[in-house]
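In what follows, a single structure is set out as C-alpha cells and then discussed.
As written, the chain order gives the labels A, B, C and D, with residue 1 at the start of each chain.
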Amino acid sequence: MTSNKLRIGIIGAGRIGKVHSETLAFRLPDAIPLAIADVNLDAASEVAERCHIPRVLRDHADILKDPEVDAVLICSPTETHADLIISAARAGKHIFCEKPIDHSLSKIDLALQAVKQARVKLQIGFNRRFDTNFARVHNAVTSGELGTPHLMHIVSRDPAPPPLPYIRASGGIFLDMTIHDFDMARFLAGSEVESLYASGAVRIDKEIEKAGDLDTAVIVLHFKNGMIGTIDNSRQAVYGYDQRVEILGSKGAIATENRFPNQVTLSTGSSIQRDLPLNFFMDRYAESFESELSAFVQAVLHDKPVPVTGQDGRAATVMALAARKSVELRRPVQLEEVGHSAP
Amino acid sequence: MTSNKLRIGIIGAGRIGKVHSETLAFRLPDAIPLAIADVNLDAASEVAERCHIPRVLRDHADILKDPEVDAVLICSPTETHADLIISAARAGKHIFCEKPIDHSLSKIDLALQAVKQARVKLQIGFNRRFDTNFARVHNAVTSGELGTPHLMHIVSRDPAPPPLPYIRASGGIFLDMTIHDFDMARFLAGSEVESLYASGAVRIDKEIEKAGDLDTAVIVLHFKNGMIGTIDNSRQAVYGYDQRVEILGSKGAIATENRFPNQVTLSTGSSIQRDLPLNFFMDRYAESFESELSAFVQAVLHDKPVPVTGQDGRAATVMALAARKSVELRRPVQLEEVGHSAP
Amino acid sequence: MTSNKLRIGIIGAGRIGKVHSETLAFRLPDAIPLAIADVNLDAASEVAERCHIPRVLRDHADILKDPEVDAVLICSPTETHADLIISAARAGKHIFCEKPIDHSLSKIDLALQAVKQARVKLQIGFNRRFDTNFARVHNAVTSGELGTPHLMHIVSRDPAPPPLPYIRASGGIFLDMTIHDFDMARFLAGSEVESLYASGAVRIDKEIEKAGDLDTAVIVLHFKNGMIGTIDNSRQAVYGYDQRVEILGSKGAIATENRFPNQVTLSTGSSIQRDLPLNFFMDRYAESFESELSAFVQAVLHDKPVPVTGQDGRAATVMALAARKSVELRRPVQLEEVGHSAP
Amino acid sequence: MTSNKLRIGIIGAGRIGKVHSETLAFRLPDAIPLAIADVNLDAASEVAERCHIPRVLRDHADILKDPEVDAVLICSPTETHADLIISAARAGKHIFCEKPIDHSLSKIDLALQAVKQARVKLQIGFNRRFDTNFARVHNAVTSGELGTPHLMHIVSRDPAPPPLPYIRASGGIFLDMTIHDFDMARFLAGSEVESLYASGAVRIDKEIEKAGDLDTAVIVLHFKNGMIGTIDNSRQAVYGYDQRVEILGSKGAIATENRFPNQVTLSTGSSIQRDLPLNFFMDRYAESFESELSAFVQAVLHDKPVPVTGQDGRAATVMALAARKSVELRRPVQLEEVGHSAP
C-alpha cells in the first residue's frame, strides 16, 4: 500500500456493487472507494456520485491497470468471476469476490492458482458468517460453551422463488442457494464434510421442474469430526426470509431466531401476533455486508489472513456438486467422488 | 383427627364447590370428602355422585353437627362466609374459606375472633399464590435471587366483564377483582403496604358506571420495606385472561408470561402468531386449586400453620377499602385510615 | 358391553400401568378399573388400593377369563405384547396395548390377524398424538391452514440415555425411541413413507456402541405425497426433554416449543434466562396419557374406530426396521424392502 | 434555502454532536454538514475531519453569522439551550435542539416566543418517537388497531446510575430521565395529561438521596381522553437498558420487547438463556437518531411541520415539574398548577 488507507476499485455497479460502495464510502474509515466500473456507465456514475467515487469507468480493465488501486471488489455476474480473479491477481490487486467463484471446479482451480502465484489476498463473499447471530453460534462452538457438537440443523428458506430466467442460469438450487448453507455448515462445525446425502423435490412451481431444478431440498451432512448435520431448503416461505441454525452439543444446544423489523407483540381477539420477519436479504444481512468488507480491508492493510478464503469458496462448490450428484444417484456421495483434493 | 385422613364437608355445590370436591376425591389421597351440602339438593347430589361423597345434605348445619367431619370447605356465596366461619369454628371444625371473608371489616374481625377462640385452623382461598408462575416469582424474592426488591408491577385483566347483577352485588372492582392482586402484592413483596393511591375509570361499559363501579383501575402501592408497586386492572382484555407480574430488584428482574393452551407458533403470509392464552380462570389456575387444598389438608393433618391466614384475608380487604377511599378522595390513603390494626 | 361403563383389566402394574390405572380411576367417568394383574403381586396391590381396583391378581390369564372384563390394557414388557394381544383377542377382550407391538414383523402380523378374526378393537399407545401441541400441528395440516405441506422436521431428544441393560434389550434406538417419531411423522404428514435414509453415530457413550446401538441419529423420510421430512434424535439433551416439530407448507409454517414448568423469565447481570423445560416424559406428556385412554374408552363404548390402530403400530415398526437397514447399507431403503405389505 | 440541500451548522462536538455529524455526513443525502463549533476546538476538529465538515470553529456565534448555514443543531449542554435557541432564531436559522429545552418554564417560553417571532422551525430531540418499536405502537394506536386505548404502562430503566456530579446538575430524575417517558406517553396516547401522581424512592445509592434526587419512581398519568398510564423508572437495571411500553385498548393490546444484540438462545444444563439486551442508549436507539434528523431535514427543505415541536418540549417539562411537586406534596397534581397554558 502506498498509504495507510486501502484504495479500492469496484467492478460491477449492480445491487451488491452499490451496497459495497456505500459501505466503503460511509462506514469504513480505512477504505477509499477510488474507482468503479460497469458496462452500464450510467449505473456506475450514479453510484459514484452518491458515494463520492472519483473515477468512473466502463471497462474494468482500466481499474486493473490503475496503479493507485490496491484492491478490487468483484461484483459482476458469476460467470465472469473466475476470469476477473485471474486478471486481477496478475495485475497484483488484492481481491474480494462475491460468491460463488464459479460453477466449474476446474475454473475455480485455475483462479485459485493465479491468486497463489500472484501472492495476493482473495476473500470470498460468504457474508452470513459475519451476521451477529451466526457469529454468536460460531463463538459458542469454538469457545466450548456447547461441549462436543453432535448435531446441526440449518433452515434456509427464501421468501419466494427468483424469476425463471434467473433459475435457469443459476446452476441449480445447490450452487445458487444452498451454497451459503454449505459454507455455514463447514464454518460452524469447524470440520470438513466427508459425505452427504441430498434429496429434493419440486413443490412450489412446476416451471422450476421444467427448468431442471428443485425448489425444496434436504441434505444430510456427515462431518469428519463425527457430527451429523441437516439442511432444510425451500424457495418459498410465505412468512419471509427464514434463516436459522441449531446445534446440539454435549454441554448444551444453541438456536437462532429470525430477525424482525420490531420487537412488538399485538394481542387481539383472535391471536397473539407479531409482524413478519425481515423479508429481504439486504435488510436481513445488512450488518454482515459491512463486517465482511471491514475484515477484508483490515486483512489487506495489516497483511493478515482473510477470514473466508478461496479454498472456502471451493469447498462449498464441491458440496453443491456432490449434492447434485446425490440427488441424481439417489445415494450418499463422498465428497472426493466429486472434487479431487484442492490444488 | 380420628384417623390419618382428613374427613371433609363441603358447603356449597356451585362451580368452585364442585372443583374442590373433585380435587378431594381424585387428587388428594389424604382427604376424604365425606359430606356435601347445598340448598339446591340436586346440585349437591350430582357432585356427590360424581365424587363418591356418601352424605348429601340440604342444610349445612348438618355438616357442622356431624362428629365425623374434621374440616369444612366454605364454597357458598360471599355474604354467608363470615357467619359460616363463626358457626364452623364454634363447632370445632377446621375451615377453608373462599375469598373474600366479607366486605365488612367488623364482620371479618368477628369471624377471626371466633376462629382464634376455637383454636381451629382457617385458610383463605387465595389460590393464585399456589400457581407455579407466581410461586416461582415468590421463590426468586425470598431466595435472594433478585437482591433487594425495588419495583413490582401486577397486570390483572379479565377477558370480559361479569354480568351487571354480579357487579352490583360484588362490592366493587377492588373487593371483587383487585383483592386477588392485593394479596399477591403482599405475598410477593414480603412486606405490608403502608399507603396506596388508586385511580379508576369506566372505559368499557357505561352500565358499570351506573352501577357505581369502575372497570379500569390503576393502584400504586407503597410498601413498608420501601418498594413501590403498581397494579393494572381491566375488566376486559379481548385476547383473554391476562395475569402477569414483574419485579425489579437490585440483582435482577423477574417476569411471568400468561399460560397458553399450546406452545405452537404459526407463521403465515400476514403475521407470526400463536393461539390465545387460556381464557377461563378455572383452566388458568387449575393446578393452584389443587395445591391450595393439598396445603390445607397437610396443615391440618400435621398441625402446621396454614399458608394463607385469616389475617391475610383481612389485609387484602383493608387494601380494597383503602383503594375505594383513595378513588373517592383523589389522594393517597394510609391503610390505617381504613382499618384499625387487626385484632 | 353389559353396562354403559367400560370395565377394564390392567395387565402390568409398573410405571405406565400405574399411570393408566389412576387415569381410569380418577379422570374417566366412563371407565371402571375392575382388575389388575402383575407377577409382582405387591405392586399390583399397591396400585389397586390407591385406585380402588377390586380384583388383584398375579396371573393375567385370570383377567382374560373374567367375563365382567370388557377390555384390557397391556402394560407389560414389550416381548409379551404380541402374545397377550393374541390371547386377549381370543378371549374377546378389546385391547389397548403399549407401543411397540413387537420388534418382529411376523409376530406383529400374527397379533393383528388374531385381532381381526376376533373382531375386537386394538389401540396402540402412541400417546404423543394426543399431546395438545402435536394435535394442534395435526389440526393445522388437516384444516388446510398450512396449505400443501412441503417439509417436516422432528426433534426428539431424551434428557439422558437409559441404563445399558435397557438399551441392550431395547431393539436399538430406532425401535425404542425413534418409533414415536416415525408414528408422529405419519400422523402429521397424513401420508405414508415410501423410503427413508438413516444415519447414526455414537457421540455420548462408547458403551452404547459396544451394545451395538447408536445414541445420535438423523433420518430423512420421503413421503408418498412428496413431502420430505427429517428426524433429529439424541439420547442426551442436557437441558431436558426436547420434543418439537416444524412443518412448512405452501401457506405457512408451524412450529412447537417445548413445555416448561413455568412461564417465568429471570433477567440477571449475566443473562436473560428461564428454567429448564419439563424433563420427564410422564410430566411432559401427562395430558396425552389421559386423552389416549379417553379416546379408547369412547371408541369401545360407542363402537367407533380407534384413533391409533394396529396397522399404525406395524407401520412405525417397518420404518424402524428400514432405518436400521439404511444405517447398515449406508443407502436409502424402500419400506417395501423391509415389510411386505400389511396382511 | 439557497440550494436543494440543507446546509447545517453543528453546535457542540460532544457525544451526541458527533453522532449527528456522522448521520448528516454519511446517511442523509439531502444534508450538508457545513460547520461545527465547540469551545474544545480539538474535539470539533476531530469530528470535522471524520465527517468532511469544511468549517471548524471555536465560537458558535460564527455559525450563526454564516449566511450559508440554513439550520443549526444545538448539541451543547442543557443550560445553554434556551439562549442558543433565541440567538439562532434571531439569526434566522432553523433549529434542531436536544432535549430538554430548559428546566425553567419561563426560559422555555422566552425561547419559544423567539422562535415564533422569527418564523423558523424548531424540532426537539425526543428521538425515541422514531424508534421502530415505539413508532409501531404509535401506529397501532392511530390506525385504530387497538380500538379505544384504556391503559398504558411505560418501563424505562437505565443500566446504571450516572455519576453523582451529573445527577447533581441534572435537575432531578423527572427532568433528566423521565422526561423521555413523559414525551412518549403524550405521543402514544394522542392526548394531553391532565393530572399526575408521582412517587419516588432511593433504593440504589444513598448518595443520590444526599444529592436531593430519587433513583426509583412510579408516576400515574391521567389523560384528558380518559386513559390511565403508569411509568416505572429505575436508574439501575443490572441486565441492561430496559425500555418497553404496553397499551391496552378495547380491541387488543400491544407490547414491545427490548432490543438484543442477537436472536440466539442457549440451552444448558442449568437454564435456557439469551445474551443481555443492548446496554447503551446509542446502540439501542441508533436508528432513531438517524430518523429524527432525516425528518428535520425534510421538514425544513419542504416547509412541512416538524414532528416534535417546541410545545412538545415544553409539555414534557411541565409534566416533570408536576411530578416533582407531586412527590413533595404527596398528592396528585393538576398540570395547570405548574404550567400556565403555553404562550
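A few comments on the model shown:
By definition in this document, a contact is a pair of C-beta atoms (placed from the backbone, for glycine too) under 8 Å apart; a residue touches a chain by one contact, two chains touch by 3 or more.
Note that the structure is predicted; figures quoted are calculated from it, not measured.
Touching subunit A and subunit C together: B, D. The interface with the greater number of C-beta contacts, when C-D is set against A-D, is A-D. Seen from the C-alpha centroid of subunit C, the farthest chain centroid is that of D.
Subunit C and subunit D have Cα centroids lying 59 Å from one another.
In terms of their C-alpha centroids, the spacing between subunit B and subunit D amounts to 43 Å.
Put simply, the C-alpha centre of subunit A and that of subunit D have 40 angstrom between them.
Of all residues in subunit D, those touching 2 or more other chains are 237-239, 251-253, 267-269, 275, listed in ascending order. Residues 148, 150-151, 153, 155, 157, 197, 199-201, 203-204, 216-218, 220, 222, 226, 228, 230, 232, 234, 236-239, 242, 246, 248, 250-253, 330-332 of subunit D are the ones touching subunit B in the complex. Those residues of subunit C that touch subunit B in the complex are listed here as 25-27, 29, 50, 132-133, 136-137, 140, 145, 251-259, 261-269, 275.
Those residues of subunit C whose C-beta lies close enough to touch subunit D in the complex are 237-239, 266-277.
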